[in-house]
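In order of appearance the chains are A, B, C, D and E, and numbering begins at 1 in each one.
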């Protein structure tokens, strides 16, 4: 089976900073893949490159075996199987459109009658535990947690086979965070989606991903199956990260 | 006791009505001790800090509360009650280092500004020296050069250190750190926390650390207070509270925390996360009984009617919680 | 329709909005119904020239004995129509051009900014003389001209906003859904650019009116016997020794109109912005 | 790159775009002015303009050459600052323009200074107590300043101070040797020109200041007990001035434009009245020279504004503003 | 300001070109006449003249004059004494063009002059092409006749446009473009017309309104003002209001070959319909008197009995009815100053009453005067035209000649008889005969119904009580050299 995404030697510079400095990795279909690393290590940039929002200086990205092309037609085609969930959910919903409008846009793109879209949407909203009434609201009229779910709902409405979530739990309370992760897990189980989770929360990635990479300064420091990656890290940097992780079980150290 | 806050209640006036953001919250922090104030988002943690500092929003009103800081007592219901302490007895570190520094002034200028108030008589040169010294103390490389740099020329971690240096310069009796590391990554977070502890040890102040990460609290704090929907539900030493949570909410909160070494199902998609079902109550209309009643997994009939008092947990005098189940008949 | 009613209701719910509505309403009523309560604005009566305000002529008469109330009213109508037309056209065109430049980036952006710079570098009055001399006087020339002059202002603002928006995740989310670029421009860029543009537009209404007044003053205004606030101010200035009130009346109308427009514009911005609107 | 290198690069890129803009504006201007109907000879001489004389003057002005040749001539002259000779007076056009420029510059800068010196404090005062009666009052004042056209202000000032009270001189720019006299002649026109900008700047300062005061770094200063006056008057103001200064670039252009009206009413010689008369007379070479100066001035002013902003806000020079 | 001993006055136009033959406005003319000498000079306030540079002028025949200069008339700037060579040089420029052979703008003022012969250091002879009365009035006496220093002109080259070297009563001491000029008494001038003031400062203030206000603020001692300020002016303290009837002429020209206007009845109807008296009231504040004909009262050839067309709507309607035309629409072209616009609007209202629709097309001066070039005037219909006059009637009549069609004859009226009379008028010397010729010409104009005369204008000045200005009878040409204390 071809990999969902494979990246070879991706390079990208912003002025003097090398945001991506020779990143190579491959993500098998139907699995969850974690990307961890400190702030500014290039995680978001990598995701934007995969989505076609950012052109690489060098290197190649293949999605389901096909090289990434920057044309509108290719974008249109890609949209049907790869979708992002951006870091700030409220900001990823157009603030001056009702949610129903945003959802209808998906229908338009898919050339699907609005009724059909709404039918599917109803099912998805229900699964995500959102009241059907949310679609008549503006993004600012719903809570942050709801906005995040709406963003997920919209992504799911495109029926993607690959979902990329950038910091899906940043800034959330533990309980809400758990809720959301359970939801993602649920989607994975039921839809056989390839899920890519970008996070700096090592503990979470460790639990939900099969494979993961650790990034630093635009490079992949270490990667592999999470069990061994977190259980027996080979690189100092990974060890350092794990050591710095404040965890309840390390109690009393202060 | 260095700092004690008694019976703090704060209301926010909104077009839809008055939100009671804090109801009768009391805290105690010893000199040289770090208290972790935890709670979900919106539980009122920042409001506590702002009420102490006198920096509440315009639509806020302190309806009751006194603070005793360094032996001096302040009636917080008065406007700007603690104004005299700002920069001299109290200092505050805010969440976002990107935004807590003025982008168009050099680090040096902003540090010296704090000193103007701290030591009014000093001349410019001594102030610069003191500021450089403070930068050196927070282990910022090349302090002399940093003084002439602008915030955007520094990384997030460096900026937060500058903010800590600022706190250092004001030599406060009480340092409030409101989510000082949420914007930073773990390695930097660890460093910053060590800086704060270093600062505390150097000047022997009391620290109020506001966070929603239990990990941080258990790792760095001496004591913990748990806030829920504007009410303090439990407080005690970190060890005690973690070992024997007195309130179901505290317990559930600890359960939700994901430890790095949690047991892992081989099929990653089978790993599940603990959650606390339900939502925060409406801050405008407090339901009778225990504030946590709706979401509690061990509540009983009485919980819906009786608002529990603060009961001691176990034998430890400092450990108490507001749960009817602790009520000794 | 109901949207309009809701918007009006919201505007009415704040003090500035009510004030703006009141002023604007007054001016509109004055412009529309002024002529009904006063004689023909173009009726010449040489014997009654420079009559002081009185019962026959509430605002007095001008150098040809024409009723100044009627002329002010007609002038207001003219000035407002023109100003609104210009501001609407230039704000829409400016926004679109600015958004396109902001989105496209690269050489398109550079070319557009350069053109904006060039147009801006010409003092508008001087551009006006040249264009009016070139195309002759008349409302159409004036509209064309001022539109050209004002487009860069709106364009710049829209461009700056679009550049910020371009990198915001909701725009990227739209792109990732392969939503049609035109839909993105009209549904997602335009409404988000609209707030400041509306405020700028309301601030520019008086500027346009004053601009017309200056042109009239320098002899490039409307063709007589039409009157505009500009020609009235000018006429008043020319005969300032005989009658100062046309200048004052026209200036007053101008002030009320612009005050109304400015207040209403700011209120409107608050109202159409769902964020601030929801907070009420 | 170091900070100074970045600043140099910043200025260099600004200079390059400045040259381009001037070139573009010159071309546009050239085409536009040439298309304007009318002929100089008839305007100057009226019925005396016989076809023979007219042809002669057209020849003297170089209008009988090919368009491209004219453009080339104009462009090459503009670069060297030599705009040829005026057909009427045979004076170098450069001299004619340079004669009047100091007057206009004095007017524009004094108006600008006035606008800043009065406008900024009003804005600051209004921002100190937003929503108060003082704020509302100042808002009304500012808006009425903005909305009263320069024209009306000029006329009213003129009537009150020059005619009614005899406090200030009515016409002209004053005796060149006498600084006091020049200043006296400057007062009314610059007030007339500045008033709208006083209102505009005060509104802008207020809005920008309120925005800035809501920013988190202000909270930091408050937390350290820095006095509200220092916060508003120093820390927030510097940041709030960035958008204000940006507007000034456009403002200077506007001031030069509005100076036409003011110069005519107060009978001051200046580039505004010169260009107005030259257009009326269809004296194209003078018009072109004037516009080149105005455009260059505007662009240089904008460059200066950018540099001031880069000084105010170091992020701009770093390319992040 | 009260203690001023040298007057400060306002002029409404800057100096453009100080070369007498290429001057552009009245300002230069006034300065040139004060700074330079002419063979003969206008007497104070009159169109008669006496000798100035010339000691004697002898008429040899109708076309020959001998002149002799006063000795010792020194040009300023060290350019030496005036000789007959200078006179020849001066006049030759009008005959042959300037040093590059370019025709001078005012060459036509000395059109009648054929040649100048130098017969001695101070003596010479003027030879005319034909007898001419106009030559003296509009040529030799006026600024065009200002005698230049040959040496200076050759040395200065093109700079004679900005440097005026004369030998007259005053010198141009200072000129700051767009601001002011200063005329000072010429200490070396030995002639009869010594200037009364040490200095006269002329402030350049284009708007009469502004200069009038400046006068009220006592910054000026003398200025022209507009008719509508007359009442104000009369109320000013320590002020004389001077009121000089003008000799210029403003008229509504009707294109006699354009469409329905070719029908003389339509033109006559328009003439009856337009209420000139109302125009005088409304556009000129009633401060000027109505013109009946081309040549103003006081000028040679004034037709005192010219018919007065007092508005008669019935007559106008009757004439229109005769033509059977209805729904007539015409364009009214005029300048865009306030007075012209007022005239246009009154005419518009007047014609509306008889069923003629008038569209006003107001133009800025640049576009308006360009109508005189390249036959741009052929589509004009009704046009409001303001022209300035000279003291000789031939100057005024020339614009109505057939040869001016396509140039300045915007009426496009073509009368061979008129043309013939004009030529006769030029060459006739006898005053009475000329009078008759010009009256006849005006009758022809009247019959054509191509012109509706509005006004000859009127010049108003305010003047500080201590100052006594001096003007030629047209009110436009000021004699700075004769300005005096009252």
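Everything below uses one rule, namely that a residue touches a chain if its C-beta (ideal position, glycine included) is under 8 Å from a C-beta of that chain, and two chains touch if they have at least 3 such contacts.
Chain by chain, the UniProt names read as follows: A = Dipeptide/oligopeptide/nickel ABC transporter ATP-binding protein; B = ABC transporter ATP-binding protein; C, D = ABC transporter permease.
This structure is a prediction, so every number in the text was calculated from the model and none was measured.
Peer 1: Both subunit A and subunit B are touched by which chains?
Peer 2: Intersection of subunit A and subunit B contact lists gives nothing.
Peer 1: In the touch network of chains, how many steps separate subunit B from subunit E on the shortest route?
Peer 2: 2
Peer 1: Quick one: which chains contact subunit D and subunit E both?
Peer 2: Where subunit D and subunit E share a partner, that partner set is C.
Peer 1: By the contact definition above, name the pair with the higher C-beta contact count: C-D or C-E.
Peer 2: Output for the comparison: C-D.
Peer 1: As a quick test, compute the distance in whole Å between the mean CA positions of subunit C and subunit E.
Peer 2: Once rounded, the distance between the two centres reads 45 Å.
Peer 1: When the C-alpha atoms of subunit A and subunit C are each averaged to a single point, how far apart are the two points in Å?
Peer 2: Roughly 47 Å separates the two chain centres.
Peer 1: Express in whole angstrom the distance between the two chain centres, defined as the mean CA positions of subunit A and subunit D.
Peer 2: The computed centroid separation for subunit A versus subunit D comes out at 52 Å.
Peer 1: Residue numbers in subunit C touching 2 or more other chains?
Peer 2: 133, 234, 240
Peer 1: Can you tell me which residues of subunit B touch two or more of the remaining chains?
Peer 2: Not one residue in subunit B touches at least two other chains.
Peer 1: Listing for subunit A: what residues touch at least two other chains?
Peer 2: none
Peer 1: According to the definition already given, which pairs of chains are in contact?
Peer 2: By the stated definition, chains touch in these pairs: A-B, A-C, B-D, C-D, C-E, D-E.
Peer 1: Can you name the residues of subunit D that touch subunit C in the complex?
Peer 2: 17, 20-22, 24-25, 28-29, 32-33, 35-38, 140, 143-144, 146-152, 155, 159, 250, 253-254, 256-258, 260-261, 264, 275-276, 279, 291, 294-295, 298-299
Peer 1: Which residues of subunit B touch subunit D in their complex?
Peer 2: Per the touch definition, subunit B meets subunit D at residues 53, 55, 83-88, 90-92, 94, 96, 99-105, 110, 113-114, 116-117, 150, 152-153, 163, 166, 170.
Peer 1: Per the contact definition, I'd like the list of subunit B residues that touch subunit A in the complex.
Peer 2: Answer in residue numbers: 34, 40-41, 155-156, 182, 184-190, 193, 197, 212-216, 218-222, 238-239, 242, 252-254, 256-262, 264, 268-276.
Peer 1: Residues of subunit D touching subunit E in their complex?
Peer 2: 36-39, 41-54, 56, 85, 88-91, 96, 99-100, 158, 162-163, 166, 169-173, 176, 264-267, 269, 273-274, 277, 279-282
Peer 1: In their shared complex, at which residues does subunit C touch subunit A?
Peer 2: 168-181, 183, 187-188, 191-192, 273-275, 278
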